[in-house]
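Take this structure first; my questions come after.
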Amino acid sequence: MRFSVGCEIGYDLQSQSTLIFNISAMQGGRQRILSERLTISPDLVADEKTAADSGNRFVRLTSDPGEVRLRYEAEVELAPLHNEPESVDEVPVAKLPLETLTFLNPSRYCPSDQLARFASRQFGNIAPGFGRVTEICNWINSEVDYLAGSSDTTTTAADTFAMRAGVCRDFAHLGITFCRALGIPARLVSCYAWQLEPQDFHAVFEAWLGDRWYLFDPTRMAALDGMVRIGCGRDAADTAFATIYGSVISQPIRVWSEALDGDTSAQWTTDAVSVTRS
Amino acid sequence: MRFSVGCEIGYDLQSQSTLIFNISAMQGGRQRILSERLTISPDLVADEKTAADSGNRFVRLTSDPGEVRLRYEAEVELAPLHNEPESVDEVPVAKLPLETLTFLNPSRYCPSDQLARFASRQFGNIAPGFGRVTEICNWINSEVDYLAGSSDTTTTAADTFAMRAGVCRDFAHLGITFCRALGIPARLVSCYAWQLEPQDFHAVFEAWLGDRWYLFDPTRMAALDGMVRIGCGRDAADTAFATIYGSVISQPIRVWSEALDGDTSAQWTTDAVSVTRS
Amino acid sequence: MRFSVGCEIGYDLQSQSTLIFNISAMQGGRQRILSERLTISPDLVADEKTAADSGNRFVRLTSDPGEVRLRYEAEVELAPLHNEPESVDEVPVAKLPLETLTFLNPSRYCPSDQLARFASRQFGNIAPGFGRVTEICNWINSEVDYLAGSSDTTTTAADTFAMRAGVCRDFAHLGITFCRALGIPARLVSCYAWQLEPQDFHAVFEAWLGDRWYLFDPTRMAALDGMVRIGCGRDAADTAFATIYGSVISQPIRVWSEALDGDTSAQWTTDAVSVTRS
Amino acid sequence: MRFSVGCEIGYDLQSQSTLIFNISAMQGGRQRILSERLTISPDLVADEKTAADSGNRFVRLTSDPGEVRLRYEAEVELAPLHNEPESVDEVPVAKLPLETLTFLNPSRYCPSDQLARFASRQFGNIAPGFGRVTEICNWINSEVDYLAGSSDTTTTAADTFAMRAGVCRDFAHLGITFCRALGIPARLVSCYAWQLEPQDFHAVFEAWLGDRWYLFDPTRMAALDGMVRIGCGRDAADTAFATIYGSVISQPIRVWSEALDGDTSAQWTTDAVSVTRS
């Protein structure tokens, strides 16, 4: 399926500031950029780079005080791999690829060490595999209220676990935390999300199962088949759409994601879905 | 200078367990392994790999219940780069290499977002450069008590900041946290540390200044010239000497580091010291 | 001096709710109520009681859904005791009255156990007495930014200590915490505060020195001589102006405090000031 | 039933220190002290007082460096009130006695504000009354592991909720926290506990139901009929058996509680049990 995605972001800089953006769709695997355009006004020199390990695409620019606006738009084709959930296994730590081990470690927002005992009690006796991660998502969806404004940038998964309320990134952080506590590598993914209401940058997570990263969205607010990946990392600390060094006032942002193939009647899949490699 | 370093580690496994070790000296830059030997008893098949990004060397093994012991010993040559502290500058975020940006993000034990205001108040007006990181280390050394047993594996730099007590990893976490809050990439380094009393795995940190990573030890308990680097990462979550999946009882560990060149009379340097590249 | 103080508070109750208010000026010691009036609309039956230990005056009412509004107004005479700061001593724990010991214990927002080492390092060598508590207030006023919106109802003094920003209740909580850590009983006081800009309920603290409770305001935003005490307790958990059991929407509140004697030219005192007993 | 209870406590004082003990059995209600003896060696002058509000009995003494030892022994008669659980109701906040309202507030170890949403989700739909508090205890007993050494003096109920492990005081703190979140006044009680293995000071909680305080022990490690109450307060911050101002080294403590009536075959009751008044 093809999607038209994009965003408009603006800042009023109060001082000379350096801004680092991670808003461009990733390139590769089963996600293909058909066309894209990034417009910066004023016409500043921007430094564009792709991180070797994550594939995150960064735009860095420095500006004197004044208004800076970015508009990113892209046409992206997604051809997600679909597998039978029952066919997708967990991988014992002894067999995990070295580069996935990092995603077992606790991170700023995913203190998997703190929730290990609960994870083991609640999910430890469920049969390993894709279905166990689905159970984790079921639990989060059932036990945590989606409540705008209930968390902030300091909120960890342990906080969300106690508070029982959060937004998409908190839901994802909790999923990641439980997975890591069970020995399943997991990482945050920011994305443009088709059918998400209201439209905004979305946060979901990926767990390493079988031989690849599979997508999970504990909020169940968007279709897995329509997630155009932007950034991935240990948690939201790695995938901010904008990181700002300087004093700025944020303008309202606008984010969009539309299906171009008219297939809006599709049922949301319950398959195991992965887009990170062929 | 040449050093003889090593350790002996043992566990009584209560269940089949997978253990991942990060105890081998790193190879490369100004640290050269002249010889090394890893002995595992019983003679288990171990999976040895080096992480592409960090250079950390992992040994992974799985064993049935029973005793597992490792002995690592190496002869390592260090030829640290020495620079005049005054000649080593900070790098504006606008110019930082992409791969160092990750080390500006808050992490499990280094919530730089939480201590940003203090960092700015306390260190924001100090002239940027190597000297500012030295001031950070001075502050930590002066304001935090080194106190064995005062922290545990859940202790963050924000906890240490409030508690004003910790051990080497807490000192390093606090230094990393302040650096990141000021826009200086910083990361944890575990090492064999010559002259450290009592001998143990040591934790220090590296900050990116000029065109490389420089070593800092806020504990001032070991000589920068004698640190044989083992692991580096965002914080102690990435550099555990042993990560265990299973139920085990730890045996006492033994760690050593000795100078082979007889130059034990050397004064501890106050130069800017780096060993990560030529 | 005489003051005219009061407030208007309103709620839209979404369900049957019980509301407990603590907005009436305290009676006794060097604070005398000359006249007062509490108006509740609609004309609900309210349960008015004064707590034996604290002297806090509570109004409790239960209402069906709909709007509830309270208006409290009072004319209050304050005749604060003034003493020379140098003449006011700390009391050793061995000599403290039994009823003050409770105010040495850590509480919800004043975890004095967590900041004990810092308190001892920073204030432990200052000569005991009123001047030491003044030094605590100086430190808070200098090292913490007064910043509306920087804290919420979960913020503890340990959080404020790390964040270095807060509002009046956070300043008071930090002062209480340091005092308790040093063995000085301290408690929160909510009040109508003359000259506070903008007008609102104010939070300050009292420390037990000599033979009574002395007032301290680390924000330095209002005159000690013009504080009409409303509630006192261990921390803000005990002195909420409104505690609500039910679902309500808050209306804007209005608070006022005016001097009736025209003596608005008075310098703010630096004396040791107490109003709790004759 | 009659019980012989007591303890031996000792400290090596490194400096002149003031020590406040709360080890004497309470007097009153359905707990009657038949005889008691407190021995202090050396023979120091001690200040003995009973708090008016809580009934806690404090012994305060100051000593120069050296060893201080206390031995307390008492013969105590308990005549607990037994009621049918079904007959004991919750009291709406609108009807609660003023002096119980304090025990609805969050405290140092019982941050009921933080766990309010969970409490409401988990226990909000259970029929109010004694049975609901029993359900809270059932949940704690089932979902939290009793694990010596898993917590320390900074551990709050929110920590225990996340960690899912604790000791008796953590169990009690969690019960108190859930009760308060539901509008049920609750407080900590320290006691000598018959049949507790191994013998130690025990921590349970009381909830205000009907017209009195009822005892609950989420650990289920001791019989409600055999709890000789020592101290009560908001949480463990108010009921420490020893509070020390000075530098001391603790000696091992010894605590005992024995039934004198030979009725050790009694089944543990599931009645609603209260001892605080006649």
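Points worth noting:
Letters A, B, C and D mark the chains in the order given here, with residues in each chain numbered from 1 onward.
Quick note on the criterion: contacts are C-beta pairs under 8 Å (C-beta built on N, C-alpha and C of every residue); 3 or more make two chains touch, one makes a residue touch a chain.
Computed from a predicted model, the values in this text were never measured in an experiment.
Averaged C-alpha coordinates give centres for subunit A and subunit B that are 30 Å from one another.
Centroids of subunit A and subunit C (each the mean of its C-alpha atoms) stand 45 Å apart.
Once the centre of each chain is set as its mean CA position, subunit A and subunit D turn out to be 47 Å apart. Looking at subunit D, residues 114 sit in touch with two or more other chains. The touch graph of the protein chains shown is a ring with every node of degree two.
Pairs of chains meeting the touch criterion: A-B, A-D, B-C, C-D. Touching subunit B in their complex are the following residues of subunit C: 114-115, 117-118, 121, 143, 145, 158, 161-165. Listing the residues of subunit B that touch subunit A in their complex gives 18, 20, 47, 49, 51-53, 58, 60, 62, 92-94, 98-99, 101-102, 104-108, 111, 113-114, 153-154, 183, 234, 237-238, 243, 245.
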